[in-house]
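Order of writing sets the labels: A, B, C and D. Residues in every chain begin at 1.
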Amino acid sequence: MENELKKFDVAQLAHVEIFTPKPEETLWFFKELLGMSETAREGQSVYLRSYEDLYHHSLKVTERNEPGLGHVSWRASSKMALERRVRDLQKSGFGKGWIEGDLGHGEAYQFVTPDNHNMEILFDLEYYQPPESEKTLLKNRPQKRPNKGIPVRRIDHVNLLSSDVTVNKDFMADELGFRLREHVVKNDGSEIAAWQSVSPLVHEIAFMGDQGTAEKGLGRLHHVAFWYGFPQHLNDLSELLTENGIQIEAGPLKHGVSQALCMYVMEPGGNRIELFGDSGYLIFDPDWKPVTWTEEETERAIIFYGAPLPDSYFKYGTPLVESPVTNK
Amino acid sequence: MENELKKFDVAQLAHVEIFTPKPEETLWFFKELLGMSETAREGQSVYLRSYEDLYHHSLKVTERNEPGLGHVSWRASSKMALERRVRDLQKSGFGKGWIEGDLGHGEAYQFVTPDNHNMEILFDLEYYQPPESEKTLLKNRPQKRPNKGIPVRRIDHVNLLSSDVTVNKDFMADELGFRLREHVVKNDGSEIAAWQSVSPLVHEIAFMGDQGTAEKGLGRLHHVAFWYGFPQHLNDLSELLTENGIQIEAGPLKHGVSQALCMYVMEPGGNRIELFGDSGYLIFDPDWKPVTWTEEETERAIIFYGAPLPDSYFKYGTPLVESPVTNK
Amino acid sequence: MENELKKFDVAQLAHVEIFTPKPEETLWFFKELLGMSETAREGQSVYLRSYEDLYHHSLKVTERNEPGLGHVSWRASSKMALERRVRDLQKSGFGKGWIEGDLGHGEAYQFVTPDNHNMEILFDLEYYQPPESEKTLLKNRPQKRPNKGIPVRRIDHVNLLSSDVTVNKDFMADELGFRLREHVVKNDGSEIAAWQSVSPLVHEIAFMGDQGTAEKGLGRLHHVAFWYGFPQHLNDLSELLTENGIQIEAGPLKHGVSQALCMYVMEPGGNRIELFGDSGYLIFDPDWKPVTWTEEETERAIIFYGAPLPDSYFKYGTPLVESPVTNK
Amino acid sequence: MENELKKFDVAQLAHVEIFTPKPEETLWFFKELLGMSETAREGQSVYLRSYEDLYHHSLKVTERNEPGLGHVSWRASSKMALERRVRDLQKSGFGKGWIEGDLGHGEAYQFVTPDNHNMEILFDLEYYQPPESEKTLLKNRPQKRPNKGIPVRRIDHVNLLSSDVTVNKDFMADELGFRLREHVVKNDGSEIAAWQSVSPLVHEIAFMGDQGTAEKGLGRLHHVAFWYGFPQHLNDLSELLTENGIQIEAGPLKHGVSQALCMYVMEPGGNRIELFGDSGYLIFDPDWKPVTWTEEETERAIIFYGAPLPDSYFKYGTPLVESPVTNK
């Protein structure tokens, strides 16, 4: 039964921390353009959330001298589920130990992926309490829809660059119960990319082979994704970004993998942010067989419709690397 | 641990059977206007599916002298989960026994709700295999998007009328692990309606107090819902329906409960069908506290924006009743 | 040739003035929710424009003790066209004379409709000059898309209540060259409503029979309409309005007449504002035969899809009337 | 006054004829994917229309050994306007003479542009009469919305490749009254492209410098555009095209010029077709100053948001050329 339970032990992506060398500009981007709100500041960090994110924060922005991933935080399904996962993580050799908590949450167990992405798993966290002016009569929403920017609704997923997709994917499956939903596999059997989830979403996490560097253990971030659910909002945001001098890297376009209608943009600090404009498809089949895209099918896996992705999409990640690989 | 597992034991709504006195017109509606495809016929039944439904069928249309609900079929998360649920159902007194199967699925355990809605739970079923002409290069979709009507993507949920919401809701929770997501509660503490799910969807099932009759045990259907996910498709369908003489009962509108952008229409056989035009909101919080709408908040629970629902919405169900209650 | 030219002599709706007893709330509505910007203040008036309106203002909000229509301003196609129209207006007996101008425009000729709606026609006006921070690289747009509210793009049309639709319609046709595009005609031959335009838009002006009062010459306003062009923006605005306590009178819905996807809302001062969510249909046929909806077809003329309009839609106008007609 | 009238003498684009070497495939594309309907066949030609096109046809598809433009047909505002334009065309040296008519229209005056694109101007034409089954209760629409493909609503504009943009633009202005709305101008003063219209649309015609050949007088077609008006329909069509093996050349994307949300696709016969997904912006200002995009601003003129256009966009036209220019 413990094995049956494992795949339900992680419930969701709770929050992500990113580093930025330009905190003012990064906060302007998330607050003024994406309509996120600030819930707290402490030290070099600012805590933000989307208007349908339930908890204290879904994004922690921390000042550093270069952009990159701070950590990814997963919420367990229960205290018991948390204990089971920590037990396995401890055995795995990738566990780092408990911390007492942070603003907005209680104790959390820290660990790394084989490629050194910092993560934690927790159960206790603080629910967002809106001030009187933000209370809404829409009782299933934690606050009113914001009146600035094109406001994102919730955090969706994280995509990490890795030196070995399979190793990282297996780690998430074995220790945390993530199920493989789709992957792109080379003719030699190696995986180019893999999408995994613990819910009907196609992914809360994806790993992509890092084509920008051969160096290992950098824990590089490809992107953090926020969700709209309405296609028009990508068009609205595209106008707002363009008129405000923010470069859109790619999209709006539709991926084959996950059927996501989306776009990619670099926030001023240098981290890539994805905006998710529809609901893609949802997986309710409990016996889902992972979708395997072959090397020949890669192009369609990446783009169902829309222009091809630029080269930067495959090589650029944060933190930046000194001497990036030059051939694609 | 068995108790921990219960809430994951049912994975999804597999299919629904409806009765129709006008099979030709009903099939025209689902096939020509909603773009569903026929996968089989046997006896008085025709089997249909939406283009993203993975299995042999999601809707079984059976000829009868009056409209109504045939049965609701749930898919368990595994064979073990199926066994656990059947064991509880047998103890509950609402179990009816195993059947060998039907077109498109293997053995299933039949039972009824306290209000006599026919249901079954199963695990083994047949996946849809598209003919060559329907195969798509979008590998996470079982067939090409149809080229007629405004094609629905998948079955979403079922809404049942009941003489006692609480009793039925508790039955689904106790025997099948459904979690309460939202409900409307009168000042006397009785529930007017309840929405329950086994996934991040706000509901795969809802119960509403039957205001059309005081008779019990009729197993009446309020509606079956199919999903688009794109708001524009409700507008497109509204045009198609209006120009083809199908009356729209209500919508497009947005509910407070579930945040569903939706519309309601009677298929020619007399059953109410809901079309779901966006993704509403999804519940990933493993510790979700059900949203309680009070009697005073009912109006907002029903309509977040859009016109008030007509009286028929609260009284009309299938099968029809001889002498409906006349005061709202 | 002068007769040939007449139908091209009026080019467009330039601006509308409304009265409000609650200027602060009215301005909050237009600026914070509809994203309009203020370009000037003088005396009891504030001048506003939408972000794609080219001129100094498209809406003048003037404080008065009750809501209502200030005046409607039409722009002629040229100075010669202006002269031709003034000549005819002078002969008509409805001319009032020239004024030197107002903030944002030069000399204008004032007149009234047979039902006493104040109007003017002009040619010289001031183009909006954005401050540096509002300049956009989208050179066919006068300023950046605003970053608050759900910003309307431009003024679209005005709808006036009248004691005799035909007389007012004929006046606009005879003196100003407006072409009849659609109308609803009773079985006795009288017109219930008429939609007229000088461009491919179905209407820059409409007259509807005033069902709220039998009094004549009140110059009542039914609504002023602003344009989005994107259906999703009506949904976005509906959320914003609902969460901010502004009552939506009707919609989103689709009219038969003009095929407009739209909604109606009372601004806090009491005037009805329409928001136009798509582009309806455009009339390029130079030999267009007006579409006549019969008394029996009225329902479909009003609602192509969506809920029936509330009674207020037919009776409420500004200024308010003391003893409104009570039977519909 | 005749000069004042000139700019109103042409009312609209009536229809376009294209040549195709693959008539069956071309008709499949327009009928099954774009939802157009066939109104007549004669000789090697098939006559098609969109569901909101008012006349007998808006597209004539004629079999030829290579793709290309047959002719462009303009409708005059009146018989008098037709006479005035013909008089000027006759003087211009580009007139060819009257024809008695074609299926669906009466006499027409034929002429060519300086770059040898075949055109005609006419007034008398036949209005489409729907069969009983296609009649709609939406009285301002000539037929029901079709139930196949993603049906386009009407023809929108034509874009022609030319060896000298200025010469062709001046011809349309001088002889037919087209007003310049936007253009892209090199630093040496030569025009790269120009958009002209006779209505509030930004263009019914555009000329772009032919970068695919230096040969003159080929009368090459860049594209014919059909209009949806709803952004989602571009996404829907993209799915349908991709799953049916039709290559999308570019988009969905948003141009700076005309603010058009659009996409480009080659119909199976080889002609480029544009699909227009919103309403862009409309020009009502009678004193509109053409928007001039400089050489440096070209990129933004072409793409407001979305990926850069592929090289083919600038070089490919029909008829094809033997030895295309190879440097961009």
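Here is the rule we go by: a contact is a pair of C-beta atoms (placed from the backbone, for glycine too) under 8 Å apart; a residue touches a chain by one contact, two chains touch by 3 or more.
Quick caveat: nothing in here was measured; it's all calculated off a predicted structure.
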Note: chains that touch chain A and chain D both are B, C
More contacting C-beta pairs: A-B or B-C? The answer is A-B
Chain-centre distance (mean CA atoms) for chain A and chain B, in whole Å, is 32
Cα centre of chain A to Cα centre of chain C, whole Å, reads 47
Whole-Å distance, C-alpha centre of chain B to that of chain C, is 44
Touching at least 2 other chains, the residues of chain D are 137-138, 230-232, 235, 239, 242, 304
Chain A partner, complex, touching residues on chain C are 32-33, 136-138, 144-145, 147-149, 230-233, 235, 239-240, 242-244
In their shared complex, chain A is touched by residues of chain D numbered 231-232, 235, 238-239, 241-242, 248, 250-254, 261, 304-308, 310
In their shared complex, chain D is touched by residues of chain C numbered 1-2, 4-5, 8, 11-13, 52, 54, 75-78, 80-81, 137-141, 153, 182, 199-202, 229-231, 256-259, 278-279, 281-282, 284-287, 291-293, 297, 300-301, 304
